[in-house]
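After this come two complexes, each holding subunit A, first together with subunit B and then together with subunit C.
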Partner chain A sequence: MQDTDQQVHEEPQDGSGREVDPKLLEILVCPLTKAPLRYDREASELVSDQAGLAFPIRNGVPIMLVDEARQLDDTK
Partner chain B sequence: MVETSKRVQEHYSSVDLADRIIGLTGVSRDALTVAALEPFDHMHLRGSKASREMVEALAPGADWHVVDVGAGICGPARMAVAATGCQVTALDLSDDFCACATELNRLVGLQDRIAVRQGDALAMPFADATFDGAITHHAAMNISDKAALYREIARVLKPGGRFVLYDVMRGPGEEPYYPVPWATTSEISFLATPEDVRGHLAAAGFAERDWQSLRQETLDWMAAVKAAREAAAAAGDGTAPANTGSVLMGASGPEKIRNVARNLGQDRITVVMGIFEKDA
Partner chain C sequence: MSDPGIIFERDLLRRRRERAAATFADFDFLNREVAERLIDRLRDIRRNFPAVLDLGSHDGTLGRLLGPEFGVERVVSTDLAEGFARRAPAPALAVDEEALPFADASFDAVFSCLSLHWVNDLPGALIQARRSLRPDGLFLGAMLGGETLIELREALMAAEMAAAGGASPRVSPFAEVRDAGALLQRAGFALPVADADTVTVTYENAWGLMRDLRGMGETNVVAERHRQPTRRDVLFRAAEIYQQRHAGADGRIPATFQVLYLTGWAPAPGQPKPLAPGSAEASLATLVGRDDG
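Coming up: the complex of A and B.
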């Protein structure tokens, strides 16, 4: 994890208020490149810059499937 | 592979699973415990008895971090945490199972001890040498590339890490009957023989510590469950037929269960628990 703020918690937009423990996010890597992920708290996503993918966190569950990830750059 | 993943996700699609399982326990959401869930949250042959054997075989220390590959709704994960105090990361392909697991973990107060992640067992989102132990139960039958599965489990385990598998495998008999609980047809069923599985495990760098065929134990358990259900039905206990299987499998549940018993009886499938250690 390259997140700079270790104290923040995810606040999902559905209001369920589930928190994501930053320590537990730390062990997650990109399933494609195995590189560390950047936690984008605003978007509630885990970003793999190398792969150009953003993995969503829904209701506190990181969705670490390439199929479900958002492409950061459409030309990739 | 992507196509297979989609089909497996669809196969295990199950809306409002947590609510329906809680309904089976007869306990209110506020009063839910790991013990109250136990008869209903172990979705594999021999139920919670098999989970207890898995936890005993893994024997995690309280400081262990364990990965459950294909964790489903996290029955075994909750049992392991409650019994040993270890930390579990639960990986599953099904969004419905992940949602159910998250909800049940939260209700029993284990949300800080079990981290649920939706992901693919063949491309796990974990760094090398992350975990002290790994378990997998009744997930490998939906994964065709067994060599890749065991390589991936070896990758995320620390050197010397322990791995316990509890799986349905191909028996020496004819092709299995379908539908079965893990597949409606042979399309998403990938059963390997015990010999092939052991070969893949050795190639992935695992040393075998124990290997037990539980075919007869499973047949005995299925017969006992059936007898208990029939006795309860005869006694007019209307709640008896409800179980996790019926919640999960719906109308085709009885046929799938019958086929498992036939497949076991005719050596078309077998059930194995294995204990392995990753080479140091």
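Coming up: the complex of A and C.
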């Protein structure tokens, strides 16, 4: 029994997170609209302009869950 | 939850899975066993699958067993829980099986080990899995079936009836093998096959079983449950009933896990197809070698 927290971080938090596998980026689409995503490297997000959602990338792991996505009209 | 289509609360499942992720290695025996059985099936198929999606990967047990033997060059690990995805072989991502984020025709195979029984919209999830496959790509999935935990369900039901004069769903409704074949067909898979086997695990008592279910992240997430957790006295009574009804000579109790295996192929030209009914050119009697008709 070690870390039973909701957030498990095995790598140090360096803010931006690791790069996403480029081959993975080629096949990723928006889970809602199935439209291509825009990779915002600086914000470490995958943006679905159509759905108005930005999916976070945490330590190189894209979180493609609508519940975890940021609404694009939110303040950044 | 008032939406009649929602059987499982996915939020709750996600939280359970996130909690389970950290200590899953202590509770992954069922996952490992079923992953091995899936691998055995794969050996019989004798095909190469360069790009694979591991759907509901947990910590990547199945993905780690896939290698050059099956022509696998790349496994994308996915789980509803970020904690599991993080522990699975990279590249990994958190996804909801009900809303897959993959372009059409991205994979040569989609494998899934013990996650799909928590999906509300199984037909939808299967359709999305099929679309993510290239033509003639393989879907092979294992999920828990309707006979799973039958002993525990009966014991809880009996204890609850005695305590409250009514019973509520306590253990998730699972799919039946006959539903599974029809689902594959409806999802557009060619050559769909569904079959089942069981894994029986013995425990000292029902508490041991319940602890394991928590560790696996497999405890009840049925939406239509009481607001309060099961009362302590009902649980105690259920554990007693379980023991009385099922304990073997050594005092240990069995827990049955039924595993459904779903196999289907993304349609492609040139695939074998079943003949239309009535299209046979020889009578059955001829085929079985009887000519006395």
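We adopt the following convention: the second predicted complex is superposed on the first by the 55 of 76 C-alpha atoms of A that agree within 3 Å, B and C clash if a C-alpha of one lies under 4 Å from a C-alpha of the other, contacts with A are read in each partner's own complex, and residues count from 1 in each chain.
Operating definition for what follows: a contact is a pair of C-beta atoms (placed from the backbone, for glycine too) under 8 Å apart; a residue touches a chain by one contact, two chains touch by 3 or more.
On a predicted model such as this, the values are computed, not experimentally measured, just so you know.
Judged by the touch definition given at the top, the superposed model places A:Leu32 against both subunit B and subunit C. Of the two partner chains, both subunit B and subunit C are touched by A:Leu24. Between subunit B and subunit C, the partner in contact with more residues of subunit A is C.
In the superposition on chain A, A:Ala54 contacts neither subunit B nor subunit C. Contacts of A:Leu65 after superposition on the shared chain: both subunit B and subunit C are touched. On subunit A, the patch touched by subunit B and the patch touched by subunit C overlap at residues 21, 24, 27-32, 34, 36, 59-68.
Those residues of subunit B whose C-beta lies close enough to touch subunit A in the complex are 2, 5-6, 89, 93, 95, 98-99, 102, 106, 111-112, 115-120, 123-128, 130. Interface of subunit C with subunit A (complex): residues 11, 14-15, 18-19, 21-23, 74, 76, 80, 82-83, 85-87, 90-96, 99-103, 106.
Interface of subunit A with subunit C (complex): residues 1-6, 8, 10, 20-21, 23-24, 26-32, 34, 36-37, 58-68.
Contact residues on subunit A toward subunit B in their complex (touch as defined above): 18, 21, 24, 27-32, 34, 36, 55, 59-68.
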